[in-house]
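Naming follows writing order (A, B, C and D), and every chain is counted from residue 1.
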Amino acid sequence: MDKEHNFISENKRWKRKVFRIIFKSDTRLGKLFDLTLLTLILLSTFIVMMESVKIYDAKLHRLFVILEIIITAFFTVEYVLRIITIRNRRAYIFSFFGIIDFLAILPFYLSLFFPITKYFLIIRMLRMLRIFRILNLLDFMHDGTFIVRALKNSSRKIYIFLLFLVIFSVIVGSLMFMVEGHRPGFESIPQSIYWAVVTVTTVGYGDVSPATPLGKFLSVLLMLAGYSIIAVPTGIVTAEMRNKRQNLEKVCNRCGNEDIDDDARYCKICGEKVV
Amino acid sequence: MDKEHNFISENKRWKRKVFRIIFKSDTRLGKLFDLTLLTLILLSTFIVMMESVKIYDAKLHRLFVILEIIITAFFTVEYVLRIITIRNRRAYIFSFFGIIDFLAILPFYLSLFFPITKYFLIIRMLRMLRIFRILNLLDFMHDGTFIVRALKNSSRKIYIFLLFLVIFSVIVGSLMFMVEGHRPGFESIPQSIYWAVVTVTTVGYGDVSPATPLGKFLSVLLMLAGYSIIAVPTGIVTAEMRNKRQNLEKVCNRCGNEDIDDDARYCKICGEKVV
Amino acid sequence: MDKEHNFISENKRWKRKVFRIIFKSDTRLGKLFDLTLLTLILLSTFIVMMESVKIYDAKLHRLFVILEIIITAFFTVEYVLRIITIRNRRAYIFSFFGIIDFLAILPFYLSLFFPITKYFLIIRMLRMLRIFRILNLLDFMHDGTFIVRALKNSSRKIYIFLLFLVIFSVIVGSLMFMVEGHRPGFESIPQSIYWAVVTVTTVGYGDVSPATPLGKFLSVLLMLAGYSIIAVPTGIVTAEMRNKRQNLEKVCNRCGNEDIDDDARYCKICGEKVV
Amino acid sequence: MDKEHNFISENKRWKRKVFRIIFKSDTRLGKLFDLTLLTLILLSTFIVMMESVKIYDAKLHRLFVILEIIITAFFTVEYVLRIITIRNRRAYIFSFFGIIDFLAILPFYLSLFFPITKYFLIIRMLRMLRIFRILNLLDFMHDGTFIVRALKNSSRKIYIFLLFLVIFSVIVGSLMFMVEGHRPGFESIPQSIYWAVVTVTTVGYGDVSPATPLGKFLSVLLMLAGYSIIAVPTGIVTAEMRNKRQNLEKVCNRCGNEDIDDDARYCKICGEKVV
């Protein structure tokens, strides 16, 4: 029984150690692990890219397959270890990164049973999203969170703006379909809407461009509109970022209010002086 | 007489009920109605688009026509009900959305008497604007109003800016007409102005681009100008949005601080209690 | 002598009257004059444009010439009246608008002695700048001044930024000349610089685009750079506009300080309360 | 010994004089030197450009070579003098501008021993960076420093943003590779990523553009995304520039207002005297 107890505590200690390496990066091994993972993710992405280039795939197909097997093996072991060592398994498995981790190994095993289709590709590319977890561990994502929060807070306004823009593009596109008749690039309303978005966002491929004087005149108006209203999302996000206080550490000593602006000298809830 | 009175009050109650369903969305039926309307508007827009694509129209023309009849029937009934149930009929009929509602059904009835021309198209597309009313009901448009107000308040400045830009483009266009002689895309001043706007707004189709060294040099200057002065509309709208404060009334009585949050009980600058 | 005196005062009164019509717009005649002028300027610009379009010029050349004569006659009379009625002639003649007024009539008279060359064109187009004087009179330019002042105040920063950008483009252009060898569009360094500016400003004509993988990779870096650093002029102008107080009317009653911010409650110079 | 002492002090005085001319611009000779240097740098850059244009190089090759020798001679003398007259030689030689100064003369001497390759080109172009030192001396760079500091302070956020953007482009590019099959421009994933960056940055060359309806639909989404998220770098830099206050030390003792102008004598918020 003592032996068994020893074994259990040994097992527990082992789990805790592995957990710390995989999930944290406050130890040397943990940092090494993160770096290895980062390298493998980038290598894996690089392989997927190179596989798609015919001349490289013709020459190096075998190398790519072998590397893919090794990387997937590593990712599989890592995924299993994550599940074993974490306490709240369910929470991890169905978390955003848990699903990404799973998708990172899925295509390989699927390809053993099903013929490889190009749709596996995009899933393998999603592995790249794991980079953000590593950066998160390495404390790089404070600024990332800042950006995401600013975008999240202004997302409703931006959605409304995009809805405006889409409806505007649909109407302008229909108008151009009427004006440019059935000229190349304006054969149908969806085509014309494609042109309208290309123009209003100032992308301007030039694969479709107006040919008639009236069409050119309307294009000019659309361009000027697009050039001006780009101010809207910019204004929204800028205003939002200005509101974000960067002073996350400040807390009111009396009432514990954490929502303290950068320029605050008194707590807005209890009136206590904040240092 | 009692019967008659009953009938009138019955009629009134019926009207009030329908009014609430159509014009409000605080009841289950009202929300259902809005959702139905939204679906039909999107479907109707989708049909107009698909009709313009030859291969779909060839196959599904009859389906499109039938759907169009059903949707227009629904819109017509809705329009009539709106007029019947609202008190201030005149105000509704000549309001922005009243006109849009009318235009939404007009093309169909016109097409019964006149041959269908492509100009009906654009009117049918305006139906999409009704989306905003529904979003308005569903309390989605608070942020939309914010954007519209910011644009409205800065519209004078933006108009002046656009005037600058247009005059600038006309002068640069004329200059390029002189420089690039009568090369393709610069055959006339209007053509050259079209090119100037395409360039200064950074759209850059590439259907027209300078060929001579001097022309390229001038283009480079124009691009740099366009790249810099896009800051102007952006600055205008951003400054405008910043001015919009959410709680404009509250001011600290002691220090005059106007930046007072909704949940503030004390001024964050001087610690004074704010009412 | 009395007669003479009468004549002089008569003459003076007449001058004052004309001066008020031409230079101000606070009378009915003054506003009518401005509107006429605006119309003629737009008409004149329109004629220059149309003259450059061959099919219109072939048909309507005589009409264009006649209209041009009439408009120039009007502008000449106007210019002479301006010189006669204004007190400080020298200041007017060498002012910005004085020169523009002169240039507006010059091309026509030159064309009587010299063969008409295309270089007259651009001078005639400069007439459009007179629009700003009229708008100024009609009190439309308050917002224009706001924009111009914001641009002027941030001009040094924007020049430095453009210098950065140009040097950056020259270096990147040279790099691409090395990378893309002598492929079409990259035949020389100036050509490559042209491409670099087209890319970094996100114009992207597409008349020149990289062909080699390395060239494409460098382009991608350049595009990302251009997409990011557009933030610099925008940030500069936005910060400048924010600084501009819009409350130009406020003046300190005690010390006469006119530099009073929007949020000021006390004069920053003498401490007096400002209403 | 007196003579020797004299010689040393003579030598020292000479050194100090030259040092002042070369490194400062507070004397007439110093300013002249800077101007000469600026001219030679621009001339040198111009020569490198013209050499790359075949028709000019064919005609003027000898002139270019002679000018290059003269300029390099001047730059060499200047470099030697800089090393001789400065006290802390090591610091200068390995400073940013020290390396640029060295690179400015290196290609010429290398070309005496090795065949001239096109890689010398880019080094010669780096000479342009010396312009910034001269502008620095001429006190032009206060605003430049402002821009650089704002960019530096927001660089971490911008890097994170660019990482987002790159990963986003890689995923969208892979998706488009799947969608557009192996159509021209989408032959491989790297090609598709190139297209994705061209699109999301709103450059839009048009050398690659989608052909299938689904591809066009995805492009439209990507354009709208690119058009919206350009707000992020803009917002970051604008917020950063706003934070830069010119007089960071001054704070009102009574109300804590930190927005105190340089010429303020009283707090504009509470009327307190500010020191």
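The rule is simple: contacts are C-beta pairs under 8 Å (C-beta built on N, C-alpha and C of every residue); 3 or more make two chains touch, one makes a residue touch a chain.
Just so we're clear, the structure is a prediction, and the values are computed from it rather than from any experiment.
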item	value
Other chains in touch with both subunit B and subunit D	A, C
Fraction-based call for subunit D against subunit C, same above half, different below	different
Centre-of-Cα separation between subunit C and subunit A, whole angstrom	44
Where subunit A and subunit B are represented by their mean Cα positions, the distance between them in whole Å	30
Shared-contact residues (touching 2 or more other chains) in subunit A	161, 190, 193, 202-206, 226, 230, 234-236, 238, 242, 263, 265
Sites on subunit C touched by subunit A in the complex	202-206, 234, 238
Subunit A partner contacts - residues on subunit D that touch it in the complex	156-157, 160-161, 163-164, 167, 170-171, 174-175, 177-178, 187-190, 193, 199, 202-206, 209, 213, 216, 219-220, 223-224, 226-232, 234-236, 238-239, 242, 256, 258
In the complex with subunit A, residue positions of subunit B that touch it	45, 48-49, 52-54, 118-119, 121-122, 125-126, 128-129, 131, 135, 140-141, 143-144, 146-147, 150-151, 158, 161-162, 165-166, 190-191, 193-194, 197-198, 200-207, 226, 230, 233-238, 240-242, 259-261, 263-273
